[in-house]
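Paired with chain B in one complex and with chain C in the other, chain A is shared by the two complexes that follow.
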Partner chain A sequence: MKLNDFEQDGVMVLEPKGKIMGGPDATILHEKLYELIEKGKKKFVIDLSRVEWMNSTGLGIIISGLTTLRNNQGELKLANVTEKIKSLLVITKLATVFETYDTVDEAIKSF
Partner chain B sequence: MDKPIITESSIKIPSSQEFLVDVDGFLEGRLVKHGVDKGVIADIAISVTEIVNNAIVHGNKSVFEKAVTVEIKAENSEVEIVITDEGDGFDPHNIKSPIEDDNLLKEVGRGIFITRALMDKVDIDSGPGRPTRVTLSKHI
Partner chain C sequence: MNFTQIILTAGYFVFGGIFLFLAFSIIRDSFSARLNRVTGLMLFFAALGPIFLAFGEIVKPNVAADAPFEESILYNLLYIWELFFPALLLFSWVFPVDRLSGMKRVKLRYLIFLPHIFHVILVVFFNNPEKILSILDIESGEGFLSIILEPLTYLLKWIVLGFTLLLSSESTLFSLINLIYCVVAVYFIIKGRALITNAEIKSQSSIMIWGISLAVITYTVGFLIPQVLSIEMTATIQTPALILTLILGTGSVVWSVVTHKFLDITVLVRQSLVYTLSSAILVGIYILLVGQVDKLISSFLGEKTTIINIAFIVVALILFQPINVQLDNLIKRFFIKGRTDYRHVMEQLSRSLISVLEFDQLKDIIEKTLRSSLLTDRVYFVLFDDRLSEYVLQPSEDYSRRVIINREDYFLGGVNQLENPAFIDRLTLYTKNSPLYDELQKRQTRLILPLKDADHLLGFLALTDKISGFKYNAEDITMLGVITNQLVTALTNSRLYQDSLEKQRLSEEMNMARQIQLDLLPKSPPVSDTIHISACSHPSRTIGGDFYDFIPRRDGSVGMVIADASGKGLPAALMVTQIQAILRSEIGNSNDISLIMQNINQYVFEMTSAEKFATLFYGEFNPKSREFKYSNAGHNYPILVRADGSYEFLSAGGLLIGAFQGIKYEDESVKMGEDDLMFFYTDGLSEAMNENGEEYGEQRIIDYVTRNRHLTPDKISEGILADKKGFDSTDPPRDDTTLIVLKVKKGARLG
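Take a look at the complex of A and B:
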């Protein structure tokens, strides 16, 4: 998995690419998320358009980031959720927890 | 064993998550060769990596020397995958539901639940003091 990140209008956008299945790939996303949270960033969008699939390790990372941020008056939103990941969010009822948007711009504007 | 051992129908890995990518590559190769749809391959790969993660972390307690073996059998329109660890087992009836309100925001505990949703059949053969053997089946 590869990971790009950039800041737009005060919102951190993370762009993981590939598969998130556990191991070194998952560590990259987890460490970047927490590095930015520790730097004081509170608004995040994860663009999932380039994620082929993720398993519960990936879901665990984004739910962990979400709860950490909400406990610190922050928020994490999802954009471009693929059908594969959408079905996992529905199966696990996490679709009721995350705000999801069709585009990164919409997600950023929602803050 | 310090790296994966791959045969035509199996892959055996040391207990480290760095080898999950090898398991995924092995599965994809075998299933593509069998003409399986890309979406179905993803469902199978998600499920197998869930069970292999559990085998590494909970079964083998991440002891590198202990192996996790994944065997695949694809015949006609059915695929069967067997994942075996070298751990001390667990009670498969004692798995909490991740969709209960108290568990919904937990970081872990969704693997078997997701696997049961994506595969047609999940059989967990385990018990205290013996290795765990999980058999996954899916129509392809």
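Take a look at the complex of A and C:
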């Protein structure tokens, strides 16, 4: 998995690419997320357009990121969720917890 | 002089010579050491005995008949050797434990010599009381002087008479005193032996105790008992007894002391032994052979000849070297056992180190080798502990607690600079604010042996001084360098071995965990009149995060749960075990499924981090009403396949559990008909993937189950697993796979 990140209008955008599975790959996302949270960033958008698949470990990272941010009056939103991941979010009912947007811009505007 | 006398004389000389030589060597080696002085003194007096006896043997035949040898000063000086007994007592106060240091009025110890000094004076000067009395027999009655002299003379006469009386029983009296001294000395050595921990010295003390005890017994039987009971003993019994006493008593002391305490002089000792013995042998040969041959030839030729003498000296000169070499080897083998031979030590060590993989055993061997070959008092190990990531000063006999050393300790930096063993004084630059150095000081260590492999400091050995108080010499340091290198290899081996052991242990633990997990799963699904159930679970590793359970309800319903914890392996397995326990207790408390789910979520949320969660499906089948009431917390939708081939998902419920708090859950009821079946699974089935990266997927599952809905639950379960295997043959499977198939029996009537 590769990970790009940039800031736009005070919102951190993370662009993971590939599969978010367990192991060292997943820790890249985890560490980046927490590194930025520690720096005081509160608004995040994760662009999932290039994420082929995510397993329970990947889900865990995003969930814990969201929980941590909400506890600090922050928010994490998802953009460009692929059909596959959308169904995963639906089955696990996480769709009721995450705000999802069709584009990154929409997600940023929503803050 | 007859043959026995010659042998006896030679024997006395050899013994006396060896002891005398040893005494001087030991004292010379370290005059400042008390143990050396006391041992030297003791050996000196022990040497005097045989030497005087030897002189006596030579002088005896030459003394004129009118002046009996027994009354000569020389003969009576013999008693000086008895000072050996107080010296032995003194020795027992110094070895194996020095009791004298730190004692007040330590000078008083010399009082123990008094009785024997008195004895010598008594025997030497008063052996002929009549003579003294005649001197004292001054003409009396010469005026005023006589008034003063007369009582004085009487007093002196009485004293002399008293001494004479004492003299008549002196041998018995002083034999008893000697015996007491011996017994007390043995007592102190036994006491001292109990105080020491060094196994080498302990065994040496035992030898000494046995030797002295046996000597005392021989002495008692051979001299004392006859003395006290006034039995006349013949020389044939007394002489061997005396020799035996000497060999046993002094020999055991000498052997112990030389082989283990004063190793540095063993070479010297060996040489002295070799020269004394070879000289004795040659002199013996001369007296026995040359004298006789000389006599024979002179009677033959009628005149004295010196040819034989010259010939003998030539032969002796030729023989001297080979005899010496042979003797040296013999003595090396029996007496010193190659202790000084460092090649021998290292050969032994490397042989034993190769086969040893346990660290404790390794430590033992090193400790033993250093103690026996170098007489190092104590050895301390500072080693890097992989688990702690710190250096640890290992526990020892005298310090039972291990001490963790900070990796940044300044002294460690100093040790790291060393390439070879070095004295601790060389590292004075690194001792400031170093807790490690303080610990080493406390333990009185002197020598540091760094243990370094190609690029790491594995630790080091810290050695105290030698037991004997001697310094390590250059030869010792060279040997220690070699030992250190061997130890580095052995330690690395041991570490690799420990790693493999650790892995083995871990896999054993995993197997145990798997067994526990298997035990937690139902042995077989419940049997019922109305439904058929098939269930199975296949972990991807030895243990996994899937689980299922069946819980009978009081109203006759069958509760069932299928769950999948996030992650894999042990952490996931621990989590499902917790969830299973909570679920069981919650179900016992409530009939409200949505409340049960809510509580489980709350528990798991509180127990774990947000990253850890589980999907969980719980449902209850009521056989009377054929109703199935369930709640689905984020689990893959189970599929309800009707007898007619239509299907629906069991999706009602709420969020996966453990990630968010305060989540509410819905529940739902579905009515089941004859031959209707429910198919439950975890993502190990749906996410199985073929070589093209295609997933097995929900649709394939729906297709397979609807197509085969007429089969029994067992057949459906087996069939779909086989189908999945055909699709994705990865072994072991990528993810845990759990299946439950529940089918309502045909003809099951509504209650």
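Operating definition for what follows: the second predicted complex is superposed on the first by the 111 of 111 C-alpha atoms of A that agree within 3 Å, B and C clash if a C-alpha of one lies under 4 Å from a C-alpha of the other, contacts with A are read in each partner's own complex, and residues count from 1 in each chain.
Note that a residue touches a chain if its C-beta (ideal position, glycine included) is under 8 Å from a C-beta of that chain, and two chains touch if they have at least 3 such contacts.
Because the structure is predicted, anything quoted here is derived from the model rather than measured.
The wider contact with chain A, measured as residues touched, comes from B rather than the other of chain B and chain C. Of the two partner chains, chain C is the only one touched by A:Thr68; chain B is not. By the touch criterion defined above, A:Ile28 reaches neither chain B nor chain C. When the two structures are aligned on the shared chain, A:Leu36 is found in touch with neither chain B nor chain C. Look at A:Leu3: by the touch rule set out above, it reaches neither chain B nor chain C.
Once chain A of one complex is fitted onto chain A of the other, the partner contacts of A:Lys19 are limited to chain B, with no touch recorded for chain C. By the document's definition of touching, both partners, chain B and chain C, reach A:Ser56. Look at A:Leu94: by the touch rule set out above, it reaches both chain B and chain C.
Chain A residues 22, 55-57, 59-61, 63-64, 66-67, 91-94, 96-97 lie at the interface with chain B in one structure and with chain C in the other. Contact residues on chain B toward chain A in their complex (touch as defined above): 16-21, 24, 39, 42, 45-46, 49-50, 53, 98-99, 104-111, 113-114, 117.
Of all residues in chain A, only 19, 21-26, 52-57, 59-61, 63-64, 66-67, 84, 88, 91-94, 96-97 touch chain B in the complex they form. Against chain A, in their complex, chain C makes its touches with residues 564-568, 609-613, 615, 633-637, 651, 653-656, 659-660, 683, 687. Within the complex, the chain A residues that touch chain C are 22, 55-57, 59-61, 63-64, 66-68, 91-94, 96-97.
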